[in-house]
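Same chain, two partners: chain A is paired with chain B first, then with chain C.
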Partner chain A sequence: MDRMKSKVAKKISLSLFFIPAIIPMIIFVVFPILQTIYMNFLSPNGEFVGLNNYLEVLNEKNPQFAIVNLEGFPRFPPWGALIHNLVWIAIHLPITTFFGLALAIILRDVKGASIIKSVIFVGMVMPMIVGGIIIRFMFTEGVGIVNGFFDLIGLEGLTKTWIAYPDTALFALIFGSVWLWSGFSLILYSAGLAAIPKDFYEAAKIDGASPFRVFFRITLPLLKPVTIVVVAMTILWELKIFDLVYMATMGGPGGSSNVLALTMYIYWAYGLDYVRASVVAVLLTILTLVIAVWLIRYLVKR
Partner chain B sequence: MKIRKSTIIIHVIAWSIALFWILPFLGVFMAAIRPFKEIVYGWWRFEEFNPSLNFFAAALNNPSFPMSRGIINSFIIAIPSTIIPLLVASLTAYGFGRFSFPLKDYLFIHIVILMSVPQQMMVIPLFFIMGDLGLLNTHFGLILIHSSWGLAWIIFFMKNYFSILPVDVEEAARVDGASYFKIFYKIVLPMAIPALISAAVLQFTWVWNDFFFALMFLYDPHKMVATQCLSNMKGELHFDWQLLSAGSIIVMIVPVLIYVLLQKYYIRGMIGWVRKG
Partner chain C sequence: MTIMRIVMVNMAEKMQMVIATLIIITLLISAGALLYITTITSNLAEINKRLSAIEDALPGLTPPTQNITLRVIGPWAGEEMEAFLEVLEEFENQNPGIETEYVIYRAEQLATLLPLQFQAAMTPGDVIATAWGWFIAEQGETGHLLELNDLVNETDYISGIFDPVKVDGTIYGAPFTAWGKPGFWYRKSFFAAHGLTPPENWTEFVDLLEDIQGISGIVNPIVTGDGVGWPISDIAEHFIITFGGPELQQDLIDGTVNFTDPQVRSIFQDRIVSLLEAGYFSEPTEWTAAVETWWAGDYALYFMGTWLTGMVDDPTDLGLFALPGCEGAVLGTDYWIIPKYTRHLEEAKKLLTFLTGVEGQTVHVGTTAGKFATHLGVPLEAHWAPMQDVMEAMSAVEPVPDMDDTIGGYWQPLFWDQLKLLWVDSSQLDAVLQTLDESHPAHG
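== the complex of A and B ==
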């Protein structure tokens, strides 16, 4: 009897480790997520309409709300928010990843490397809403540094307020966000490089291996776990991007720089249509889950 | 000692990149201290140079969206939204790290998956829930949301840390008859202080920098947080660069200071993602 009692007491004391976290997570996170999914299948009057809402959202052609609209493809945006996110990934992911890796390698032999790393990392530290303001600022004609730079090297033809034209707004934001996010891969690769034992390089040197061979045979394979984390986290960031676009362009002009997270908000705040807003939220979440599950499976296998 | 040519080239490249990276910040700083007519043809021209702090005062005392109030509100939100989830999540993380029970791994994987879900996925039902609870447009409501949202990643982060701590001391204490809670806060938490600081630094910065939750759940100008005040200073058509630049510097100074002062913990927290869990 006493043993039973102490067993129950132990169970209670152990569950107290979990209850304070699990209860708020269920009420404020899990339950709302499930309800968002549930709302997808209802009309605004609460009738069950199956996948109808998805069809309507995916077929929407109004550029402010469009998810996929390839009429203008490949000339210039708007192509729809989902395509804009994918373009963002296609440009931003390789640039930031390679740049971070290259700089991390160079900085091993540079004096004052920690200062340089800190400067580049500040983009990760500050609010993204400030990032949006600064990106808009640097691409504005006259006051902005990007246009000043084009003037300086004699490319006056490129001098304009990039953010204000549909054919360049999205790309201005993407290149601006390279400036914000490169610190992430730089810091992670720097840590990864520092963790590689020196003996590996010394052994390679004795064998007379060329620097390129050392890089592709030793450095890159050993950095694979870092690369996977960098790629996964960067894609997640690119998919979820919101503040920056909200502040710099609000998805404009004419929906040409819209992204999924912002479309969800525009449906909610301007369209006053929370059903379709929730459909966009689910589409966005499906994409992030693909990346997250891939990352988790890799980490668990390791 | 002979300096090799390649060493010089590498230094020139690296420092040029740093200089290039700093230019946009310099632009914002110049726009914040100089009148519009001096920067309209480029802030890098110095034919006239009359710096002042007027625009900072204008941002802080903005009649519709006072940044001075916004900064206070941001602290009111961010401090409890850091402390509460940190305490609660480390308790749970310890539970995941040390106890075994049915479905444990299953539950943990789901918590990890929650980390990747975008905020957009839960705000609409949450808006109605908060309305029913009377917590819409209140700081308390936003603190609850931030705290609940932060739990998942802090549990993940702290569990990783607890799993590398040695268990011998805890086992010895257990033999001496100490309760689980006593072991947790007397032995484990003090050992985990570096990780707690890392998690606190990141969580505080993320809550401070957050814009979307505040946008959804606060709409009274005097309750708005700093990031919200800043975004509302943007006019419909006209961008007041001076006001926005001064506001940007005011908002970013807190996270940047934290980063500068606690860099070691900040970076360790970021790198924690790579380490094996």
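== the complex of A and C ==
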């Protein structure tokens, strides 16, 4: 009985140590989140309107605010901010993941690789506002390197200000941002590769395994934990993307490169419409939470 | 040994209990303190208001021995900021004991920051400038801004300049120096070298564009500036004012005429789209980069605001013409406001009076900022030489409010964005006009 009591007392006393950390969390994180969610169900006058705000936001057809608008699909954007975010994930995620992995493998045994990695990592540490300006100039005709390159190899049909046209603006942003995020997967994969014991490769070599087989049977499976982190963090980045789009296109032309975070910002900053802005914020949070919970559960399991 | 171990375990448990008790006591004290701070904070707004009221009623009580620093917020950076700092320097020279600290915030940044600060009865600046008249009117109506009727006299200024910042006769913003968007800029040397002259009518204008297009090295006759979209909206407004008159611009602002109205549609279709389809306009290009390429001779004409005079190497080589028949020009200004929550009300009033009055505006228009005075008491000669010609051109036409700055809200970026779409895909004309109508605040 005494032992039971002392165990309970110990648990209680240990739990108390969490309280100093939990109280600020409740005040500065949990309360604002709950308040934001509560706001979703109110009209600007403070009356309870149920899910009306959600319906209005989700049914919005104005290209500036449309969350899903597939009227122009599959011709070219605008397709709505949420679809644009998903397109971003569909294109940007595989490219940056593959690009980072490929570079990490290529640079593994190269002398001075750390210098190259640092250069690639600059895109990652650079403020995305700056990245947005760079993308704007990169794709401008007569100024940018992309058009210069197309011009050089004779593809004059592709030389135009990519971010100025609805059919190319979103894709210019996505492709332009590959180098901004590839540094992240490169660094993580480099660390993952360094952690794989050399013995595995030596044993495979003795057994006569081809480099192709070594990659798919040893390298890739052992990099799975890293890949999970890279994929999850990249999807979160793509869902939350804002500053780059704000600076390069402001979601245009005609809403063709709009994303969820920018929609929220325009509701808030230009419309001073805090209710609708918070509705989009909650939708964005739910989407990111799904990914975050999946990642955390995976890491905890391991 | 066993007894010792039992004693040690008991002591450890007791120690844990003591620590736990101490934490509980600390938490209780913290909770009490938090509650106290919360109560104090919630009363801050009221305290601030009362302090301001006391200072307002008894200005003489403010100790004169200590220097006061006014926080001034404006949108100007780079060379524009340098020009504005000259004005603040002059104010400080004339008002020993009052210092100023300049902070840069653009209009859209202020629109996100000020409402939240105002709700907490706080302000990030004592005197603030923004070009968004609609925002000032909204904040003034909500009760966050000082009424300025006693500080400025409407008749001393360009007619109509107070309209965007006035609600039921109450003035919430006072105009600083202005910019105009009077027409197309060209290099006199370029026109002279190619035997070109400014047009007298629409046919001559189209012929001029055709002639320019034939000149070797020219990419397009007119370069289209692009920021987040506003330079294109300026072009569209110039066409509306020219072919529909200043009253049509006002009607579109008020929402009494629709964009899908046959007259408006015809202006877009017959004047703008026809030029776009003929390739006379370039695709939207970052507007500061466009200054360089236009000046270098890749393009011959550039529709831009009067601040362009301060952005070129040789302002004396600048020529300007409006579309033939144009009787109005968009005129915009930055308005100064004083939030009610300033702690230095009297000094803020003094600064606002200086900035918006003859003295402050005279200093500013004399710099290379590319602005002209809104106060009628500032003589033409006080302006920077290249701006004197521009001011004369502007004074010959009716000043018209900027459409997107006046309507504001989220219609403003929508207007910019839809016009950008039109510029690259003119087949979208009807969809663009319909979207502009549907989203207009006057149409609910």
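The rule is simple: the second predicted complex is superposed on the first by the 277 of 302 C-alpha atoms of A that agree within 3 Å, B and C clash if a C-alpha of one lies under 4 Å from a C-alpha of the other, contacts with A are read in each partner's own complex, and residues count from 1 in each chain.
Note that a contact is a pair of C-beta atoms (placed from the backbone, for glycine too) under 8 Å apart; a residue touches a chain by one contact, two chains touch by 3 or more.
Everything numeric here is computed off the predicted structure, so don't read it as measured data.
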Which superposed partner A:165 touches (first chain B, second chain C, both, neither): second
Chain B versus chain C as contact partner of A:206, first or second or both or neither: neither
Touching partner for A:268 - first (chain B), second (chain C), both, neither: both
Contacts of A:153 with chain B and chain C, given as first, second, both or neither: neither
First (chain B), second (chain C), both or neither touched by A:251: second
Which of chain B and chain C A:63 touches, first, second, both or neither: second
Contacts of A:136 with chain B and chain C, given as first, second, both or neither: both
Residue contacts with chain A in the superposition, chain B compared against chain C: B
Which of chain B and chain C A:4 touches, first, second, both or neither: neither
Footprint overlap on chain A, where chain B in one structure and chain C in the other make contact: 13, 16-17, 20, 136-137, 140, 142-143, 268
Interface residues, chain A side, partner chain C - complex: 6, 9-10, 12-13, 16-17, 19-20, 23, 62-65, 136-137, 140-143, 160-161, 164-166, 250-256, 266-273
Interfacial residue positions of chain B with respect to chain A in the complex: 7, 10-11, 13-15, 17-18, 21-25, 27-28, 31, 39-44, 88-89, 91-92, 94-95, 99, 101, 109, 111-126, 129, 144-145, 147-149, 151-152, 155, 179-181, 184, 205, 208-209, 211-212, 215, 227, 230-231, 234, 239, 241, 244-245, 248, 251-252, 255-256, 258-260, 263, 266-267, 270-271, 273-274, 276-277
Residues of chain C defined as touching chain A within the complex: 13, 16-17, 19-20, 23-24, 27, 30, 108, 111-112, 115, 138, 219, 226, 228-229, 283-286, 289, 293, 298, 408-410, 412-414, 416-418, 420-421, 423-425, 428, 432, 435, 438-439
Chain A residues touching chain B - in the complex, by the definition given at the top: 13-14, 16-18, 20-22, 24-25, 27-33, 35-36, 39, 103, 106-107, 109-113, 115-116, 118-130, 133-138, 140, 142-145, 148, 179, 184, 187-188, 191-192, 225-226, 229, 233, 236, 239-240, 242-243, 246-247, 261, 264-265, 268, 274, 277-278, 280-282, 284-285, 288-289, 291-293, 295-296, 299-300, 302
